[in-house]
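One structure, as structure tokens, below. Some questions next.
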Amino acid sequence: MSELPLLSIRGLSVDFATSRGRAHVLRGVDLDIARGRIVGLVGESGSGKSTLALAILGLLPPNAGSVQGAIRFDDVDLLNLSAESLRSLRGRRIAMIFQDPMTALNPVFTVGTHLRDVLDAKGSGEDASVFNKRAIEMLAKVGIPDPEQRLKAYPHELSGGMRQRVMIAMALLTTPDLLIADEPTTALDVTIEAQIVALIHEMRAHVRGSILFISHSLGLVSELCDDVVVMYAGVVVEQAPSADLFANPRHPYTRALIDCEIGLDDDGGQKLRSIPGEVLDPVVVAPGCTFAARCSLAEPRCHEQAPQFRSVAPNHGVACFRA
Amino acid sequence: MTRVEPGPWRYFASRVVTAAFIVVGAITLLFVLTQLVRGNPAEVLLGPRATAEAVAEFARRMGLDLPVHERLLRFFGQVIRGDFGVDIISGRPILDMVLEVLPFTLALTFSAIGLAFLIGVPLGCFAATHPNGVGDRIAAVLSVGLISMPSFVVSIYLLLVFSIWLQWLPVLGTGGSGGILDQLTRLVLPTSALAIGWIGYVARLTRSSMVETLAEPYIRTSRAYGLPESKIIYKYALKNACLPTLAVLGLGTGRLFGEAVFAEVIFARPGLGTLIYTGISTRNYPVVQAGVFAIVLLYAMANLATDMAYAWVDPRIRAGLRGTAAERR
Amino acid sequence: MSTIFGHIWRSSTGKFGLILAVAIIGSAVFAPWLTGDPNRIDVLNRFAGPSWQHWMGTDHLGRDLFSRILHGARIAMEVAAAVTAIALSLGTVLGVAAGYGPRQVERPILILFDILYSFPNLIFALALVAILGPGLENVVIIVAMTVMPHFGRIARAQVLRLKHAPFLEAERVLGASTARIVFRHVIPNIAGPLIVVAGMEVPAVITIEAGLSFLGLGARPPLASWGTLLHDGYTYLSQSAWPVFFAGMMLTTATLAFTLFGEALRDAIDPRLRTDP
């Protein structure tokens, strides 16, 4: 990889002020997204995936206290950018699809208004009739039947799957360099999930940039992504190309995750498995590996010293002493 | 029974029924009030200056010799026809007296509520987008203070300052003969007196619902797509945030018809309030009754209009998916 | 009880409201000992400005304004107390009956609430005064009728919420009478929200009383209500601004104090009742 990555995150830490004290939601995240790749970000809920996405966009909620580290996007440090320059990046070069399409669209505006205003904010200098035409084309492209009529529909008149298609249409209209999809199928039925995944797969052809696909499901990520990043309790524990990660998972947490999802027992039947123990309380600051308390391979030094992220194979990195 | 599908027509019909319900209730209540009178109602209600013939005529009008339910029906018939009888003092039909002063009250009330919204909404937006700033704090203290000052106190203070100390504005009366400009100048003080408390109320309401709206996920979506902040606030957030404010519009207009009584009396303006007030002080009940009914009718119409505006802003209400304005109060 | 007080005391606006409200109630109770006769006429001293002798000056008959304003607090507090007592008890009875009773009972009560509620209350008061005639007793009855539905609706809503609570079901299974359930369990459980409503209604009651008295429909001369003080002051506005100024300020302060106190009380007892900012 001689080329500079599109997005490069180094040592990103984010704290939130809570009633119980400072919650360390991200504890020094390193992450690279290469150009034109689809990167899957996997972890349990509470591992800091959504916070990472919002930090990239500069949309952390007001109770996010200190934000440290660096987020370089094409040689621009996003953390030191003025609010106005950051705004002009959003909706032009970076777009995001949110988790819950039920609440992510404004209930009192039509689909058409949402799409036209995205085009307007992009500042392409065209007029409303062109906007309408492009919005209709895009709705058709994301598989919404009868797009002219849907332009006049309000979000509540659409099903969850249709709303998520509208969100995807909004994102694609911006032709972004980086598209962040934050668990875009979590709030949907299984059948709809499959359709949306298929759509995103298809959309790959239309997005010339990179995609950061956030999910709690390794299976989904393996279908879609070129690279996979595994996060645990605010830290990246393993990063590798998809095939490599599944064939040869190095971090005990990654292995546990794969076991949970595949969950085949000796008789070949499916069995529900879970990782024993609970996710590290973000308010607690403990030395050592964040996963040590739940890790079956943990040895004394795992509780005392945090393992460094190191390369174990080409493009395959892991943060574990035992890997 | 066929179930009516939720939708705009069903919503509209249910709001009209509610308005009709208020009016029917009001007429019944006005009727019940006349039943509370001890002694000969015709004599008591017409007051001391009624002649024997007038009393006899009024007793015939009320149908005092009929059973109660027939009297009620008769009363309904009269009210619906707009037949409130003849004023015993001036000898004019009472309906004419009401219609003559109605425009003055409407002008006063609507300009007050309009002013309250024109100033209160931007003030609330400003406070919400600059939370805990100096302006926000000043606005918070000021609005609580202003809400606490009854409109008749504001009226007297304004009268004192502008007409007695500064002698700036000709304030009393409506300036009916002096042309439109004179009429408007004389509207300034009573309108301000009525509006000031509501400005504070509307600003407070707008602020809190704006703060709530700005934390909604769909606002984050707008931000994620790089929409200009002004567009996010004044288009995407305000349309959601103004819903509770719209809900108080109906309530506010209704209360303002009541508060207008004070402004009209203090600034010596003709209007429904003055009509009712004079009616009470001269013990001329039929006039009071007609004035009160007119206000209730206006109130019901204002409520209906609010419900319609509400549905116009929020498509979910049109679809019958969410509660009405009244339920959000 | 001490926790409620502590909660109010911790909020700065609540503390401010509480102190002012206690001061106003105190001056209402002790007015006769704090000042002289509010009705003593001194025609040589008409329209006097504030002085050591007359802290707030005198009115058109030379009566001491400070004394009249303190005695006005008395009327305001008496009316507020009487109205709240009537509206609270009547509203609770009707509301509990509507919530606990059969449909034939519930229906007419709800319709009554709706009608009373949908009338602009001042207009309703004017219509009633026209029939019953002016006077403080009538004001109390009228205002009590206009605020009663608030209590009734809250009481009913609370009863509906409680009606199927497991501990009440248990009482019923054990054979407790309806009366016992209502008085031992329902009433104590709905008392909190009702007290909150009572606190929130006080400013409105004070304002309506003053308003009706201002129009000459409430307290009758020479009784010193803040409303009649404002009325007299308004009549002689060109001679002296002091009566109007002090009476208006006093009325505003009282409304403000009880509003802040009421809000703090609500937040302390039951923040769910918060309907507007």
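Per-chain numbering from 1; labels A, B and C assigned in written order.
FYI, contacts are C-beta pairs under 8 Å (C-beta built on N, C-alpha and C of every residue); 3 or more make two chains touch, one makes a residue touch a chain.
Model, not experiment: these values are computed from the prediction.
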Practice item. Give me the chains shared as neighbours by subunit A and subunit B. Key: none
Review point. Among the chains, which one keeps its Cα centre farthest from the Cα centre of subunit B?
Key: A
Exercise for review: Averaged over CA atoms, how far is the centre of subunit A from the centre of subunit B? Could you give it in whole Å?
Suggested key: 52
Exercise for review: Averaged over CA atoms, how far is the centre of subunit B from the centre of subunit C? Could you give it in whole Å?
Suggested key: 23
Review point. Just curious, how far off is subunit C from subunit A if you go by their C-alpha centres, in Å?
Key: 57
Point to revise | Sequence positions of subunit A contacting 2 or more other chains | key: none
Check your understanding: How about subunit C: which of its residues touch subunit B in the complex?
Key -> 13, 111, 114-115, 118-124, 126-132, 134, 203, 207, 210-211, 214-217, 230, 233-234, 237-238, 241, 244-245, 248, 251-253, 255-256, 259-260, 275-277
Exercise for review: Please give the residue numbers of subunit B that touch subunit C in the complex, ascending.
Suggested key: 21-22, 25-26, 28-30, 33-34, 36-37, 45, 144-145, 147-150, 152-153, 156-157, 159-160, 164, 204-205, 207-209, 244, 248, 254-255, 257-259, 261-262, 265-266, 276-277, 279-281, 283, 285, 288-289, 292, 295-296, 299-300, 303, 329
Exercise for review: Going by the contact rule at the top, pick out the subunit B residues touching subunit A in the complex.
Suggested key: 216-229, 231, 236, 239-240, 313-316, 319, 321
Practice item. Enumerate the contact residues on subunit A facing subunit B in the complex. Key: 57, 59, 87-92, 95-96, 98, 100, 103-109, 117-118, 121-122, 154, 156-157, 167, 170, 174
